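Each of the two complexes below includes chain A, the first together with chain B, the second together with chain C.
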Partner chain A sequence: MTLSRILAKTVLWLMAALVLFPLLWTVLGAFKQTVDLLTPVPRLFFAPTLDNIIYVLSRQSVLQALINSVVVSCASVVIGLVLGLPAAYAVARYPSRWTEEIQFFVLSLRFLPPVATAIPLMVIWLNLGLYDSRLSLIITYSLMTISITIWLAIPGFQRVPKEIEEAARVDGYGAYAVFFRVALPVASRALIGALAFSFVLIWNEFLIALMLTTSEAKTMPIVASEMSQLGMNVPWGILNAAVILLSLPPVLLLGLLSSFLNALFSKNPNR
Partner chain B sequence: MAEIVCHGVNKKYGAHEVIPNFDLRVAEHEFIVFLGPSGCGKSTILRMIAGLEAITGGEVSINGKIVNDLEPRDRGIAMVFQNYALYPHMTIYDNIAFGLRRLGVSAVEIDRRVGEVVDMLGLKPVIGNKPSELSGGQQQRVAIARAMIKTPEVFLFDEPLSNLDAKLRAQMRLEIARLHKNLKTTTVYVTHDQMEAMTLADRIVLLNAGRIEQVGTPEEIYARPASLFVAGFIGTPAMNLLPATVGENGTRLDGQGFSLPVTPGRYRLAEGQKVVFGLRPADLSRTSDAATAHALSGTVDMVEFHGDQVLVSFPLGAERISAFLPARHRPKEGDKVSFAYEAEAMHIFDAAAGHSLLHADN
Partner chain C sequence: MQQRQSLPYVFLVPTMAILVVLAFVPMFYAIGVSLENRTLSSPDSHFVGLKNYLLLFGDSRFVNALWVSVKWELITVSATMIAAIGLGVLMFEAAGPKLRNALSLIFLIPVLLPRVCAAFVWKFAFHPLYGIITYPYRLITGQPLDMLSSPTQALFAVAFVDLWQWGFFFAVIVLKLIEILPQQPLEAARLDYAKPWQIHVYITLPMLRVPLVSLMFVKMIESLRSFDLIYVMTRGGPGTSTETLDMYAFSQGFIEAGKISYASSMAVIMMVATVVIFTVVWKRLKS
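Up next is the complex of A and B:
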């Protein structure tokens, strides 16, 4: 191995450590007692405890927030896909002089600072009597997921070779069947990215959730943040446990999606 | 089995006219090859027959039925694409069966027909694989299988072999020829490769800039090119083309470094007419008699080795003359040589208009 390769590998390992160490530290912190957390010298070895995890899971507010987060995130992602994918396909496959304008408009929705939209949204939902409900959150978030899905799915559909769709047309399929049975599965690699990105964005969304919920519809990020406001003593262990709980669903989702993708395109398992 | 008729077919993209006026009748069972340089509109015409491209004007009919506004699926066609266009997310079996499923064919029947086609094309071992796991040749066979299984009235091939390497291309060419011999399905095949066109076609349609230059059997196109374009396009190595002027009541051709007799009455020549005189390198043979009337002489400055044959060339005026000679008796560079030819091997074209000046009854 040459010197430059050793050097390159060292740099890569250092970068990886830089990214992974805080995550590892958070995981360790979730299993530490306060004594082990509040020492001037950080401890790598300690007597692990499940107290933090049990505390977090046993709180009614956490369970409620978890359900809210899952329902709201999943629903808005699904709505984003159902409405965004056909729009993206239409823009990608039937380009017109409006194509670029549509793409830019969709993206420009994301330029708006969330604070600017949060207050009017709050007023709207209050007037409609839907304030602090999952429905209002789902609708609000759907506006975001639709625009993200359109923006990210257009290049995905553009990369589907036109001939494949034409072959399906010659094989007798109409425009809708071509979309569902050919374009959608062939583009799925790229589309999964859109799905994952909008899920993570909604799952972690804080500001709008803070403005639109007070008790019933609170999501995980809100509840997790509230745990740091319990008093003068920051309950680090509990906070770490809450962060783990908050991070797990997106990680699980990404794992599921990538294995699904592998199954779709790679070797035949029966062989 | 079906006849295809194109009548006054016209294609415009906005104001840009790609195909001005295309007329062609493809007979039942015929294997027609559209040949031409890239951008000559051959694929566009094929796609208009397939229904993948709208027809701006004129009429296309398949089997006596005008299909201008019909969807591809209602035209009784099957198509093989240049990049195979297999469905990457389906197994080979599903790729082949996809079209039949749409037609509502029973699963048992699909199984039987897929099995038949797969056996014929030797795809049995890969039937459960995904397209990305197959070689280029296998993928192209799947594409052909997918087209065959619907027992279409018309086969359309859009440069099906151009993504394959030379050896595989020759092999697949043979398979396509054999397939057509067995199935006798009316076929339109697009290519820019004259070897494919020559070997496969019943008739070649040679296109240039959206217009038909010549329609004819491979032999007609090779032996009696109707225009300067056809003469230059067909034949490897390319035909020698020399500018000349008609002299002496149309019985001689004069050019830089040569003055040659012309068989009287064979060509429509007028004295003083500017023409281009063509000779295929293979029609030239070495002669020791430099005084013979039908011969060109010069000093060899290049010998290209081709295997059994060599391409020997020398400068003549501002042009070059090349001859395809047996490799065993080849001259060396610097040798003085004379190449003789048969009088009938002369091709003469009008220099301005490009059309052949050969009398039609010759």
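Up next is the complex of A and C:
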């Protein structure tokens, strides 16, 4: 091993530490009492406590927010799938002079600054009497889940070997049967990755939830961020515990998302 | 044959119709509200024409927010791209398959974290008295280091967290892009005793120009979604030194005055600016 290679490897390990260390420190912080957290010299060894975690999990607002987050994320992801997958398949398999325009339109939805849609939507939901409800959040998020599903599912459908679809047609399958019984199952592994991405996107969403909810429909990121405002001093231990609870679902999907990326950036046999 | 003709319509028309409604109704509503003088506190409002827009351009806080947003875009996009290319190339050169896989997994974590969480993790790390990042500085100088309260450093401290989330993620993508390139030109250059950095500067990166520019485009769009990060870490402060356009629109519409119409006029300007700029950039990318 040459010197430069050793140096390069050291840099890579340092970078890995830069990712992991702050996270481990946060996990440790969740088990610390305030006296162990607020020390001029950072403390690695301490008497661990479960108080922070128990406090977070026993709060009514956290439970309510967890339910809201799960319901809202799952519902909008499902809407994204139901409406996005057929559209993605049509774009991937039935090219026409509209295809490119449609793809650009779907992409351009992501250009819209969220604050710019949240402000008018707040007024609209207030007028309709749906402000601060899960329904209004789900509808608002559907715009995001439908468009992300379309974008991520198009390559998935393009990778389905055309021969399989044609063989099914020869066997007498209609166009719809080919989609439901051939293309969907064959592409399903890639599609699960797209589903996970759109779930993480909604689970993590903050600005729209902040503007469209005040009490009933608050999601987890909002409640977690409010933990910093309990009393006079920032309760860092409780905050660390809330951060971990909120981060768990996306981190648990890490393996799935990583293999989705691998598939997306591997050589495409069809091209 | 009948079915093959109907499928694209059945699959596309309802979805596109819903997307159009969900996107355009708020857009036109924002334009409508921005022409009124609506506030959150009073239900009465009437048409005031372009008054809100004229007020905006005399509003020094708006001009400041515009400038902060431009700075934010420049800093985060360039830092992410430079770090991602450097780190991606380094992984390709120095890491074997096992290490690459492990690092690819680790480097994906920060971008998956909710931005609120990343913000809190680093806000505590930057804490002037108790933070782990500021600890070495405190140890050496005996002084607290308060980057988030410094008008000159706060924006960079927040941008660092953005880089932490996106730089590692993009590095993984850069690695994968290099991996799927045809390897023959690289081998040929190696046989000619080209140095690794020469191979990448003169061969790999030019071959990856198109995907790298697309990545940059994605980062430009995503950098505009940094409200959560700034909201948690500085709330636009100290003063207005980290107040981006979305932060200012939010505080005008919700916190300070409830001036919904005024905030809407800002929203409309942001919408028009981003849609026009990104459409031009995208069309250029495509051609």
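Annotations for the structure displayed:
In this text, the second predicted complex is superposed on the first by the 236 of 271 C-alpha atoms of A that agree within 3 Å, B and C clash if a C-alpha of one lies under 4 Å from a C-alpha of the other, contacts with A are read in each partner's own complex, and residues count from 1 in each chain.
Convention: contacts are C-beta pairs under 8 Å (C-beta built on N, C-alpha and C of every residue); 3 or more make two chains touch, one makes a residue touch a chain.
Note that the structure is predicted; figures quoted are calculated from it, not measured.
Judged by the touch definition given at the top, the superposed model places A:Ile164 against chain B, while chain C stays out of reach. More residues of chain A lie in contact with C than with the other chain of the pair chain B and chain C. Of the two partner chains, chain C is the only one touched by A:Lys9; chain B is not.
In the superposed model, A:Leu112 lies in contact with chain C only, and not with chain B. When the shared chain is aligned, chain B comes close enough to touch A:Pro185, but chain C does not.
When both complexes are aligned on chain A by C-alpha atoms, chain A residues 174, 265-267 touch chain B in the first and chain C in the second. Of all residues in chain C, only 3-4, 6-8, 10-12, 14-16, 18-19, 22-23, 25-27, 29-30, 33, 38, 87, 90-91, 93-95, 99, 102-110, 112-117, 120-122, 124-125, 129-130, 132, 135, 138, 164, 168, 172-173, 176-177, 179-180, 221, 224-225, 227-228, 231-232, 245-246, 249-250, 253-254, 260, 263-264, 267-268, 270-271, 274-275, 278-279, 282 touch chain A in the complex they form. Listing the residues of chain A that touch chain C in their complex gives 5, 8-9, 11-12, 15-16, 18-20, 22-23, 25-26, 29, 37-42, 83-84, 86-87, 89-91, 94, 96, 102, 104-117, 119-124, 139-140, 142-143, 146-147, 150, 174-176, 179, 200, 203-204, 206-207, 210-211, 221, 224-225, 228, 236, 239-240, 243, 246-247, 250-251, 253-255, 257-258, 261-262, 265-267. Residue ranges on chain B touching chain A, taken from their complex, read 50-52, 71-73, 77-79, 81-83, 85-89, 91, 98-99, 102-103, 128-130, 132-133, 146, 150. Per the touch definition, chain A reaches chain B in the complex via residues 161, 163-164, 166-174, 177, 182, 185-186, 188, 264-268, 270-271.
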